[in-house]
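Both complexes below contain subunit A, partnered by subunit B and then by subunit C.
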Partner chain A sequence: MALGAVAGLLGSLATMIPLQYCVLDPENHMFFKLSILGGTITVNAVAILGILLVVVVAWAIALALDRLRHHWLARGGAVWKADTAPGTFIGYDFSPWIFLAPTLVGLAVFTYYPAAQNFFLGTQLARRGVEKTAFNCLDNFASLITSRLQDAHYYILSDGFVWHAENARYLAVFGNSVFFTLFIVLVANVLGLSIALLASQKIRGASVYRTLMIWPYAISGVVVGIVFAILLGGGGSGFINQVLRLFGVEPVPFLSDAWWARVSVGMAAAWNKLGFNVLIYIAALQAVPAELMEAASIDGANAWKRFLNVTIPMISPYIFFVVFLNLNYSFFDLYAVIDNLTEGGPVNATTNLVVDVIRVGVESRDIGKAAAQSIVLFMVVVGLTYVQFRVMGRRVTYGAD
Partner chain B sequence: MGFPLFYAALVSTQNNAQMFRLQMIPGDSFGFNLQTVLDRNIARLMFNTFAVASMVTLGKVVLSIFSGMALVYFRFPAKSLVFGFILAALMVPGEVTIIALFRLVALELGWGNTWTALIVPAVASPTGVFLFRQHFASVTPELSEAAQLDGAGPLQFLLRVLLPLSRNTVTALVVIMFIGAWNSYLWPLLIVTNPDLQVIQVGLSTLDDGVEIGRTWGPIMLGAVIASIPPIAIFVLMQKQFLQGFALTRHK
Partner chain C sequence: MKRFIVLMLVVLLVLPSLTLAQDDDRITIRFWHIWGNVTWLPDVVEPAFEAAFPQYDLELRVLDGYRNAYDLYTLAQEQGDPPELLQGTSSNTQAPRDSGFFKPLHEAIAGRTEINGIPVRLDEIVGPAAIFYQLDGEYYELPWNASTPIVFGNMDLLVEAGVADDVNDFSAIPSTWAEVHEVCAIIVEKFDDVDCINFGAGGWYFENALAMQGAFMANNENGRGGDCVTEVLFNSQEAVDYLAWHKSLEEAGYWVDYGRAEYNITWADSKLALHMTSSAAARGRVEIGEGNGFTVGADRMPYNQDVDYVGNTVGGGMILLTEGLEPEVEEGALTFLMYLLEPENIANWHKSTGYIPVTESGFDYLEAEGWFDENPTFAFAVATNQLTNSARAPQTAGAIFGSFAQVYQMYREVFQNILRNDADIQGSLDRLKAEADLLIEEYNLLVPCEEM
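Let's look at the complex of A and B:
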């Protein structure tokens, strides 16, 4: 009966929602052509994006419902009866809400409302500084992987190659983000663990080492970008290149070659985070019981085997922790470093997803397209969070804590 | 590890010619560089950053303590839902919502070019609430029961018992939040264009003397070093508490 009431309510609500019709016009730019092996395949961009979107959202909702159900069952079916935990203040019915109100309102207005607004703006033709918006279906999403009709027209008139380059742009930007993430996570963790292994050999002066090691973590991305700009930049007259010349090495185009620029951004960011990783790994290594290592050496395991079969499994929770922190950092927090080191160049070679959101939304004033890009970012967050839950959940089962 | 910033400090005493000669001893331009950054009003930029970062940190800590307390020491319906609402926000990086937030704050609220825009959106902190909730949950419930038997209300309990117990957590949060607020770049870059209200991270690139072709690196490096002193000092001095704070976030 309750179900019927809910359905009735939903039904009446649904009729109140003004429907915006989305006509998929094949004459428009919803299709883009792929030339593979001499043949041409026409791909419906909107269909692909739409299906992806529906799948991801449905999957996220299912996951959330599942978690809620487990939670519910674990608590014996009654969610808030179980909150009669010992130590709670009795007879204060309003004060918790007053205590919570600023946080809840703040999150609702400055996190959830913009997040929801993204989904609305993603379907709108919206310009920066203009209040009015107009519905434009899924054009913003489609324009991420194919250019607009009028743009295409323009490009075909001027230069066919530019049209192709523009088509591949967003995918290239996505690729840059993935490259930075892989590079930073790999470098900062392999180096971090190696340094931690070396540093944990000696106990004397450990706190001094630690301080010397970790303070770059407190430096802002802006300073990291600027400092690496004088180290790597300046063509052949930059610091590193001058040092290399002393050894007879040809100048390296650190900031002017696409791949070197990507590596430079990766190095700068990895340097910023390295000290923190070292610190966590030192703490992790110290928590490995000495008896285990001794037992392994008595059994005849050499240093490498001990590292592989004892140390790595014992510190794996810490590895996951550090890797996920680095993952989130390198996907979302690189803006300051990139903006001050390469400004996204040369020719967008170091433009990642966040930099592109700002380029499109603020500099090109296309709020709608930037919102569509933000939704793609949001999907990445959902994916990362899901993986994190899975891995962390498994971690608990072999109980390292 | 420290070499890049050490080199920056070295360049801050040099002019461009000395820097490009790869001179590894301090140059003679420190006075000129200092005069340049003072003329570009670095004092104002530092003060602005200090004021904004302090207010953000204070707001975050106070709101987080109250919210954490509500989640641990009170009974109310839909508590797990409220906690879920806060936790879910923890997962969303600010960069994901920044375009819509920019539109909201600049256009709908009309807060462009104000400190309000720098402070208010930042004070509700899911990280802080989570940290304090975990910390309070680890405090034995007998304490609050004893306080109730003695006739203390929640506020008295907070001020007399809980806060003195939570000094380490508060310090950890202050360190994390202050460094984060001090180093924030993208949001002030977007929402503040008035140089009188700007923060140091955005202002660094304006410290150029504008005379030479290209950038004059000496003053910029001096600015970078000055801007890095407060966060590094706080970080090094309070390292232990900071690490305890991180240990707290790991104990789910």
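Let's look at the complex of A and C:
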């Protein structure tokens, strides 16, 4: 309780001191309208940003304080205590730090410093090639939710209206990221596991099939994008549309219709990841003890029940691992596929968070706003990872437990 | 074996330094450009320049596009080793001027009439290009690749549709907004599988549409009237009219939006009657026509027949000179720039691409050669005429403000939203203006106007 209060206080201080106690200008288009299934609500961007930021920082501080307290208790009340067991050095042993130093220095210079710099940039009005920067509070973040170039439209079916947000270009981009992630994780895992099941059958030439199925993983995103662009090319020029035309089928607007373009990118990315998933799942299936399966079939479990109640629990650590990697891939690594397949179009329909960071920071040279976007992306991934470990971690069965 | 490998490694390490040691005392002039497909530069210009000026070693490096070039140049500046010359673009004029990376050309020339024996031909720059490239009567960069949008027509298709009398009847190509509708109605009626017109939903046509109707893109006379730009005028009636025309073409099924490179396929297959693009694409258009057995004609960018035609604005780019070079290196870089403006080089640059000859002497050289008479199907002359004929109004000078490149990115988003998602034109342009004004305000905060 007291810990929470301290963390809350420190959290707001830690947030406000680097922000110089600045106050966002409410006149600066700080509201956006969100209408869900017909009803409209006006959302105050300042309030959301403020609360989110304080909560995140307070949470981090509470976590750190908690760690310290445990550490302190474990040490019997001393901040650190020399280990006096026989056979150890007397006094504090610095040798681990010496061995860790090269890695730590590397991390500090190439990861932590740029990351800290990024947080700083997020509060700056900064442009590449212009030396001067200016502090602009949280305007970079606010501009994300208030960019008014485009409304966000999301549809489950092409005419089934789900939600619509006005003045919400970033929300649309965010929605694309979420869509790609769900799509890729679902398709790549369901297909990956199915193929792995088929490929683990003991048939002649199994290793050849396996190699062929794993092969897409070895292809870079750029090539995947180009290959799918050739396959799906719009206006009837793509290979698939040429084939469809032979059968008298109207060309499908794979890349020029917003909905189709999203699916096309999702399919291309899922195909790219499929090989990796198949590889891991084949290994996972081989690790399922044969005696368990045998015991289950003696008990009268059919193939489906064996799969559901033996295979799935036994391979759950692998599923967790693959889902986790696919999720990170979908959020961070789609740039090459998207840039070469749709260039983020039509009208940003396939622009996701990463593509937008590059568009804003590199193409538009607006590095302050790009930094703000990358911080949002960072927070999303941290949040997702946390949720994953908390929720999925519980359902994962490790063999030894 | 081990010893052999070590020996090989030593040799490999030493060899490069030996070749470096053999290097001559020539002054290296590095020019980063984007003309990977123009063989004239490395094949003709480089050896000719080095033969004429043996004290210089010209190093050409091809980069992938304007934006990439400026990005890499910025990196090179940050690392302290920028090239001497950089290809720049007209849609990113002000930011490089503000960056402090480049030396204004007029300062480097410092009133001289010749550099290393080559005359300074800046006073020969043709009118509309001159007002586009100049600021307060001075040149900050070398005017080089300038073009205007023009409409290329597949003349065989137009003849077949009965629009043109013969393949040399270029006047059949529509040159007003209304004529585009009329011609397209005939084309679409006549052919089942031919698209009428394609052009990019991008900023350049929009800018030209405003200039042609005599509208400014931004306040303070496009930022050239003494004060810098503080707001854009993208939501003017002229802007709405242009997009309404574009939208009407889309709704009628006359304008078709192609993906990247697809227009080349449809153009080659004679499935596209009219293609509006840069006059710099002339060589490519015509070569595809020749390769596929149809005649390619060209005419000016269609204008609004209800408003007096004012003029077109050039697009393209310029060459920038790096600031802070050693005097003898700067002299070499300047020599190369002046060399490029020599009539013969201007003429060959024009022939290799389609960019207009930016100097009077270059134009005269081509005319004396009979180039324009021998190449009636080439649209070059059209673009040139369009430029030389157009009134030299301030509206055609193009807007200059530091966040222009950024705003340029937004055009595409907004226009596509109008064309594909049926977004309201006036509302979309109002929002575009609001967003662009915000960017301009931000830029002016970082780079105050008086420092310009």
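Here, the second predicted complex is superposed on the first by the 277 of 401 C-alpha atoms of A that agree within 3 Å, B and C clash if a C-alpha of one lies under 4 Å from a C-alpha of the other, contacts with A are read in each partner's own complex, and residues count from 1 in each chain.
Throughout what follows, contacts are C-beta pairs under 8 Å (C-beta built on N, C-alpha and C of every residue); 3 or more make two chains touch, one makes a residue touch a chain.
Bear in mind the structure is a predicted one, so any value in this text is a computation, not a measurement.
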(message) Per the contact definition in the header, classify A:Leu197: touching subunit B only (first), subunit C only (second), both, or neither.
(response) neither
(request) Please work out whether A:Val323 is in contact with subunit B alone, subunit C alone, both, or neither, and reply first, second, both or neither. (result) neither
(message) Output check: A:Trp215 vs subunit B and subunit C. Expected answer is one of first, second, both, neither. What do you get?
(response) first
(message) One more residue to check, A:Ala134. First (subunit B), second (subunit C), both or neither?
(response) second
(message) Going by the contact rule set out at the top, does A:Val362 touch subunit B (first), subunit C (second), both, or neither?
(response) both
(request) Quick one: name whichever of subunit B and subunit C touches more residues of subunit A. (result) B
(message) Let me test your reading of the model: by the given contact rule, A:Leu104 touches which partner, first (subunit B), second (subunit C), both or neither?
(response) first
(request) Once the structures are superposed on A, label A:Glu343 by its partner contacts, choosing first (subunit B), second (subunit C), both or neither. (result) second
(message) Tell me the contact category for A:Tyr112 with respect to subunit B and subunit C: first, second, both or neither.
(response) first
(message) Quick check on my understanding: which residues of subunit A belong to both its subunit B contact set and its subunit C contact set?
(response) 126, 128-129, 131, 234, 237, 362
(message) Which residues of subunit B touch subunit A once you look at their complex with the stated criterion?
(response) 1-2, 4-5, 7-8, 11, 19-20, 22, 63-64, 66-67, 69-82, 85-86, 89, 91-93, 95-104, 106-107, 120-121, 123-126, 129, 140-145, 148, 153-154, 157, 179, 182-183, 185-186, 190, 201-202, 204-205, 217, 220-221, 224, 227-228, 231-232, 234-236, 239, 243, 246, 250-251
(request) Enumerate the contact residues on subunit A facing subunit C in the complex. (result) 125-134, 143, 147-150, 153, 233-235, 237, 255-256, 343, 345-348, 359, 362-366
(message) Can you tell me which positions in subunit A touch subunit B when the two form their complex?
(response) 71, 79-80, 83-90, 92-93, 95-97, 99-100, 102-107, 109-115, 117-118, 121, 126, 128-129, 131, 210-224, 226-228, 230-231, 234, 237, 239, 242-243, 271, 274-275, 279-280, 283, 321, 328, 332-333, 335-336, 339-340, 354, 357-358, 361-362, 367, 370-371, 374, 377-378, 381, 385, 401
(message) Considering only the defined contacts, which subunit C positions touch subunit A in the complex?
(response) 67, 70-71, 74, 95-96, 98-101, 256-260, 262, 265-266, 402, 405-406, 409-410, 413-414, 416-417, 420-421, 431-432, 434-435, 438-439, 442-443, 445-447
